[in-house]
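Just below is one structure, and these are the notes that go with it.
Order as written gives the chain letters A, B, C and D; numbering starts at 1 within each chain.
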């Protein structure tokens, strides 16, 4: 097996014409698509419907070309979208395709596996039970990828459901309790639960660390390979595991490094260096073509300062803090790579160092 | 003479306590302050009152300590503020002090001069007449700095007045015409006029290029050393000229480089290199202490794409395009320097390359 | 013939389940739907994709239930959406169905007709040529409704295409010119052109008034029965004409009144009174059930004041002026009706009195 | 004694020229000013500095005219500002002046009293202890007004301090705990505590109801006469009590009514009727001149719907919910009055009916 990665642009969140063209040209076999990760141009918050619009458009296309129902496809192909293309970021999506191929390379190559949980009860969202559901899902995705060792896993992308007004009402109406009634806070709690789940599955923490009261509180608990998105448009967890394996072929490999804070350009350069790519200060044109995808998590430092200087992201009533940090870290990473097609997802609670995050790069190894 | 530069933090836009403390401790002689350049945490648009609030607070302090009226001080000390500390940017202000000192250094050292125009008639704002007024003001500031050659000027900061609803009404009521009735557009036109004025004064363009219909249209007309802010709170142009001169002493020097686009990390690294500071990839801690101020202009590429990839800044009804670009370029420059105290001003029309901007660094040369 | 009107809620912009349920229950014959007018919860600006998302969802449903292609249906059923449910406004859509029925009533009853133009060349958008295209389209829709006299037309809803970055580039690339390169301004110009077109078709103005340089300039030119939306998601003009006719049956009638300014509660009460409904101060519960739909146009007064008091809508960099005014006028009209399901569309340039707008009510006459 | 009320406009948040002119003309004796309540055009959130800017400007003026220090004046004259002039609202401030005057009227007349608490410990903010501090302050203000009976109190305006990042850090550093680390939530908790305090002082609730865990939870606990603002710029509670008393003279009286929800136009009309003013549907011009001030509290219904129709205020990442509701209710009240100079303050938790709020009118009784 080998993993092919296609990075495609979109003119608006309902535009999947680039994928349609690739399918029509025979470059992509739609039946072999295993996951899609993308950035759409909404606000990235509870009321960001660009994710749902793109998802509907994507599965309508695939349903038509594959001859299956959109619902059936959506239940087996994770489509993980992060809203918000602040600043220099460019709306795009990355299509992961699992193709036949021999393990041919001098080193391990990009492996991919996916899994879905069942629907998360609204009462569980953003709690320890949510983390356990995600952990089980990660283990299933590792098995799907044939990745037996947690050490071979480089990056885990999770999409987790959140609470909305109606979901809170539904839970309360049936006598349940919810982790929060604040929709924005539920997005953060769901991300935290996802990170705990990944850390547990990868052995970065043990079971005793997974407690309701540690979520969004004990930031020493973390995964350095987890990227969690949360959104209103789903009810189940979706997991994509990416790693490097000698059992996989193709030309691609993946590297992931933590970012210590939002200014940690060193983390970006290190991830590139892991793949043999120099940035001095920017990735040069020929190497830039080797880069197939860049995936970043970041976070507005909750302590209100970065390296001792006050930032204003957390107290801004006009612009959501996640929009702020995506724009800033996106600007930094895009400047190093020389390309705005960076998947930058805000909300890195428990994902990488507190106040920082992580950066993963997929690149050709030839 | 020599120029001392103090970079101070603020807890909110009315907080000048750091300056008060420096005056009280005898570190700064308030009578020798010649200019203040700062970033406050407003939205940077027409209705950003954090600039006015800081200005009122600053001159109230100086009036009290110097024993002069606030109005008289405001008429001789340019206070150039840019609103908007998006992302990792940190609210701060840079106080320029002209102190006695011999020309002692092995190379030229930071020189500063300032000038004010009279009030700009509302009918002139954002037009060629505005550019000519700025050019005259730049020449006066060069003279104030003792900088005879345009080549010795590294950076010119201008604050230019804009049109507001009442100003438009006033002009129309007296039978005049205005460049635009759109307040946001008037901010852009005022910046364009300022850039034309600097370019003219520095010999980057000649008089025939200064035409109403070239403003915001002919982007080949530009200055690579101009940084223009525009704001509702002033009626006259204010100019600060910074350069390097063998006639000045002290330890500081300034370098300025154009940025080709919002991803041009190379421009930032080059400006640092001009001052003997390496960034590989980030300025190391000892060198970071040498950096006294960083001043950046940037712009959301008006063609809707950066290096071929679509950006969404110009079509965003939720977040102003200038806020977007400040956050992204601020994130990039702050990442290279390792410090969020970067003066990043959006609106670089005709200031540096089209779609890019420029970056200036002031640093100790010892 | 008679017109039935169904006002349906949505849980999000992709939710057409209420319509699906009504079709499944036999209450609505999908083949008889002639128009949909609705409010979705986006920002109402250029980058509001909730309109496209709802449209895609609507036509996917209708295509499936009718057995026609979504594209064919979209080319004959106007779907006019206004983004932005600020304040108390509730996302909803109004489905207009043309049913068989005898002219039975004591008075004239609600008549409806629709029409589409061909694609508007990008060079024409927001210009006099655009107005003429809309006028022709209004005449066609009147014919479709069997409304021969302009006096019988109460309300004309138009959806007009706008300029976007790519459209501007396309026009310029082929040697054309465009009315503006500013996407937000093109939305205003397109609305203005639509209003001129309606006014021309209804005889409120004559041909000599339709000039490029009158658009967004001569606000004495206006229609008191036009409501124009503009959006990025369409390329042709879509027109829905609503009137009262003795040739139509059913129970509904429509009334429309101008609003002199954003505080003109009297206009709302007058439109209700035209239909025999009292509001003292609020429509009482039984009468409230008679109200089938409320359609409002409004505008932030471009002179910066309302009845002599300064407003801040036009100079706000944080919240778009159209969002401001929709929230305020929506709050007023919803308070009189006692219901947040009000279609309130910002951007009333040349639609009703300058600085005001208009309000239409459809209600049962029994 | 009698209370005079002056409603003044401002061109920007630092503009107190209207008050300066009134003082200079001898219309207002600055030494007799007892309170100022106003609306400035910021965002109304944690990072709204227009309140601080206006306050600084106001006390600088008064200090200069009275010959006292600004700090001393700020410690005895409550200046209660609400940020946010969404929609049709107009920036303005209401100056309350206590003048000599005999009790002359046929009915009770407007009485005013003020009081300040000491600084609220950060650990107390938004907790029961905060409510008790406010209650004591209300009782002091009643005494200042000579209002012995709670029944004679019509309206109590409180300004309460909130938590910010630095305040949270300070409390935690000294071993304290805080009610929340979320700045926006602390604004809501501070308002809740203030409402509990007023309700307790006015006998609307008893002491057992004042519990930490009832704040923002038990919405049956409420005051129908409390209006609480909270803001970052103060550290102590400030209270203004307004009532009607036979011991006071002058021409003014005050009425206050609860609003059941954001559509409750009836509450507005009832408050006017209490003062003998008709609105049918709008206050007619002569009566409009009798209106001296209008003060409103409102709230985005936390259950996500108003009269069964979904609203989108709580899930909006682009516009803060308080901005939404101020715009909507401001539009409604301004439409009834026919004037945009309405003090509308969001955040009516425990102030009036849940999901609604209250409206007070001060008007001439002749």
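Rule of thumb we're sticking to: a contact is a pair of C-beta atoms (placed from the backbone, for glycine too) under 8 Å apart; a residue touches a chain by one contact, two chains touch by 3 or more.
Quantities reported herein were computed from a predicted structural model and do not represent experimental measurements.
Shared contact partners of chain C and chain D are A, B.
Centroid analysis (C-alpha atoms only) places A farthest from chain D. More C-beta pairs touch across one of A-D and A-C than the other; that pair is A-D. Inter-chain centre distance (chain A to chain D, centres taken as mean C-alpha positions): 45 Å. The distance from the centre of chain A to the centre of chain C, with each centre set as the mean of the Cα atoms, comes to 40 Å. Residues of chain D in contact with at least two other chains: 11, 41, 43, 47, 166, 312, 318, 323. Contact residues on chain D toward chain A in their complex (touch as defined above): 43-48, 164-166, 169, 181-185, 302-304, 312, 314-318, 320, 323. Listing the residues of chain D that touch chain B in their complex gives 11-14, 41-42, 47, 49-50, 52-53, 56-57, 60, 166, 232, 318.
The touching residues of chain A, counted against chain B in their complex, run 9, 11, 41, 43, 85-92, 262-266, 268-269, 279-282, 306-307, 309-313, 318-319, 323-325, 327-332, 334-336, 338-341.
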